[in-house]
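For reference, chains read A, B, C and D in written order, and residue numbers begin at 1 within each chain.
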Amino acid sequence: MTGTTMPMLETYPKSINLDRKRLAAVIDALNDCAQACTACADACLSEDMVAELAKCVRTNLDCADVCTTTARVLSRHTGYDANISRSLLEACATACRACGDECARHADRHEHCRICADACRACEQACRDLLATMS
Amino acid sequence: MTGTTMPMLETYPKSINLDRKRLAAVIDALNDCAQACTACADACLSEDMVAELAKCVRTNLDCADVCTTTARVLSRHTGYDANISRSLLEACATACRACGDECARHADRHEHCRICADACRACEQACRDLLATMS
Amino acid sequence: MTGTTMPMLETYPKSINLDRKRLAAVIDALNDCAQACTACADACLSEDMVAELAKCVRTNLDCADVCTTTARVLSRHTGYDANISRSLLEACATACRACGDECARHADRHEHCRICADACRACEQACRDLLATMS
Amino acid sequence: MTGTTMPMLETYPKSINLDRKRLAAVIDALNDCAQACTACADACLSEDMVAELAKCVRTNLDCADVCTTTARVLSRHTGYDANISRSLLEACATACRACGDECARHADRHEHCRICADACRACEQACRDLLATMS
């Protein structure tokens, strides 16, 4: 849990179209997942069997980039456009699903993949939960 | 046109599921749009009437982030997953549409908004053209 | 505190040249600061007096970008190069100092600037503490 | 050469502390290098000998992140702070040097490393040239 997410949401000077607690939970899940994916990509690169983890590295890099961008977009409320948030949340849930699936395939042999898979699952769920409240 | 996009695509050691020339054009349009949006956000901040441009700044920031992430994902071909590319291209076209529309509203008064709107339109079209070849 | 930073560091398969607990604290401070700065930039954009906050928005955007990149670089240990980490930590401390100073100027009127200034100060200190152990 | 860099610099509404042509050249070199590094990291992942390229992937990822962030910071002129630009240009030149050296080691066997090394060298030089005009 990032220490500043909720306090910053609480001090935003105008109204926010979404529930602030739920929003904070999604932003924290996104930042958590991005951190796990960046670290997992690097841990995979240091495994002796890196050749078998090439796809895992790639999916981790995609997922880290998409989660970081989604956290940024969801942290902005000025001139809110639901279409951008919604389509990006869909893309993010897709990336988290793919990365969670790929990491899960290596979870029994690599603890970093197991932890990362969990972070991806939690993030995918958080994105889908928020999407459900937006339609 | 970024000098390295096409040469790098040509030296990728495995097959690529998409047409390399079209892919290079989309990646260049994305990087071009990201650059325009980052610069437009800052130019808006320096206008005396910045209060009227707050939404424009925000949409520029979103669009820059989404375009940069999309360019990165499209530059990766290892362990290709069409679902990620497709959903991200949809989100990117949505962000470019929103930013192009917002910039266009200020294009008659601010030349940076006019140039940025053009870059957003071109990028949105490039994303949609690529999406059309993927379905 | 991001939930995955320390668990991911603990499962990295090779040795790490820096103390893992200290490293996790710096990465968390960087992600925390990036989150605060992204949110503060947007909160400033929604203030009626945004014209007086233009420099604050800009410095927030710089600080968010530099902190995110520094967190990523510090999360990688494969083929470690102390020169990159060190020079980036110096740049990050500089950006955090500038942003902390700018936000502090508005802290009495805007609570988001006060929280963000604190996050910048904490992050600057974390960067400098890590730098001190590297020389 | 990105199509929008120079036109956007020319339409910035206030004065800019640096020569606009030189600045545009640096920003284009940074975006070019970031694109090459992102693509080179992925091309390395698809090589059969990826285990020997693990450090190259890592350095590419660092360099891409640092170049993208530096391009963003240099594209902002509102509330200009020379200290941030200068320290980030130093860090960026350091990352480009490291990545250029690492890619050069593989340039005879991998054309993508050869092209990427050239982009890193050009970007390092552009950063150092700009730094020289700032002191």
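Heads up, the rule we're going with is that contacts are C-beta pairs under 8 Å (C-beta built on N, C-alpha and C of every residue); 3 or more make two chains touch, one makes a residue touch a chain.
Predicted, not measured: the structure shown is a model, and the values here were computed from it.
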| item | value |
| --- | --- |
| Least step count from chain B to chain C, where 1 means the two chains touch | 1 |
| Centroid comparison with chain A (C-alpha atoms), farthest chain | D |
| Chain pair, A-B or B-D, that carries the greater number of C-beta contacts | B-D |
| Chain A and chain D: spacing of chain centres that average the CA atoms, whole Å | 27 |
| Between chain B and chain D, centroid-to-centroid distance (C-alpha), Å | 19 |
| Two or more partner chains touched - positions in chain D | 42, 45-46, 54, 57-58, 61, 68, 72, 76, 78 |
| Interfacial residue positions of chain D with respect to chain A in the complex | 41-42, 45-46, 48, 50-51, 54, 57-58, 61 |
| Residues of chain D that touch chain B when the two form their complex | 1-5, 7-9, 11-14, 27-28, 31-33, 35-36, 38-40, 42-43, 45-47, 64, 68, 71-72, 75-78, 110-112, 115-116, 119 |
| Touching residues (chain side chain B, partner chain A) in the complex | 54-59, 61-62, 65-66, 68-69, 72-73, 76, 78-79, 81, 83-84, 87-88, 90-91, 94-95, 98, 102 |
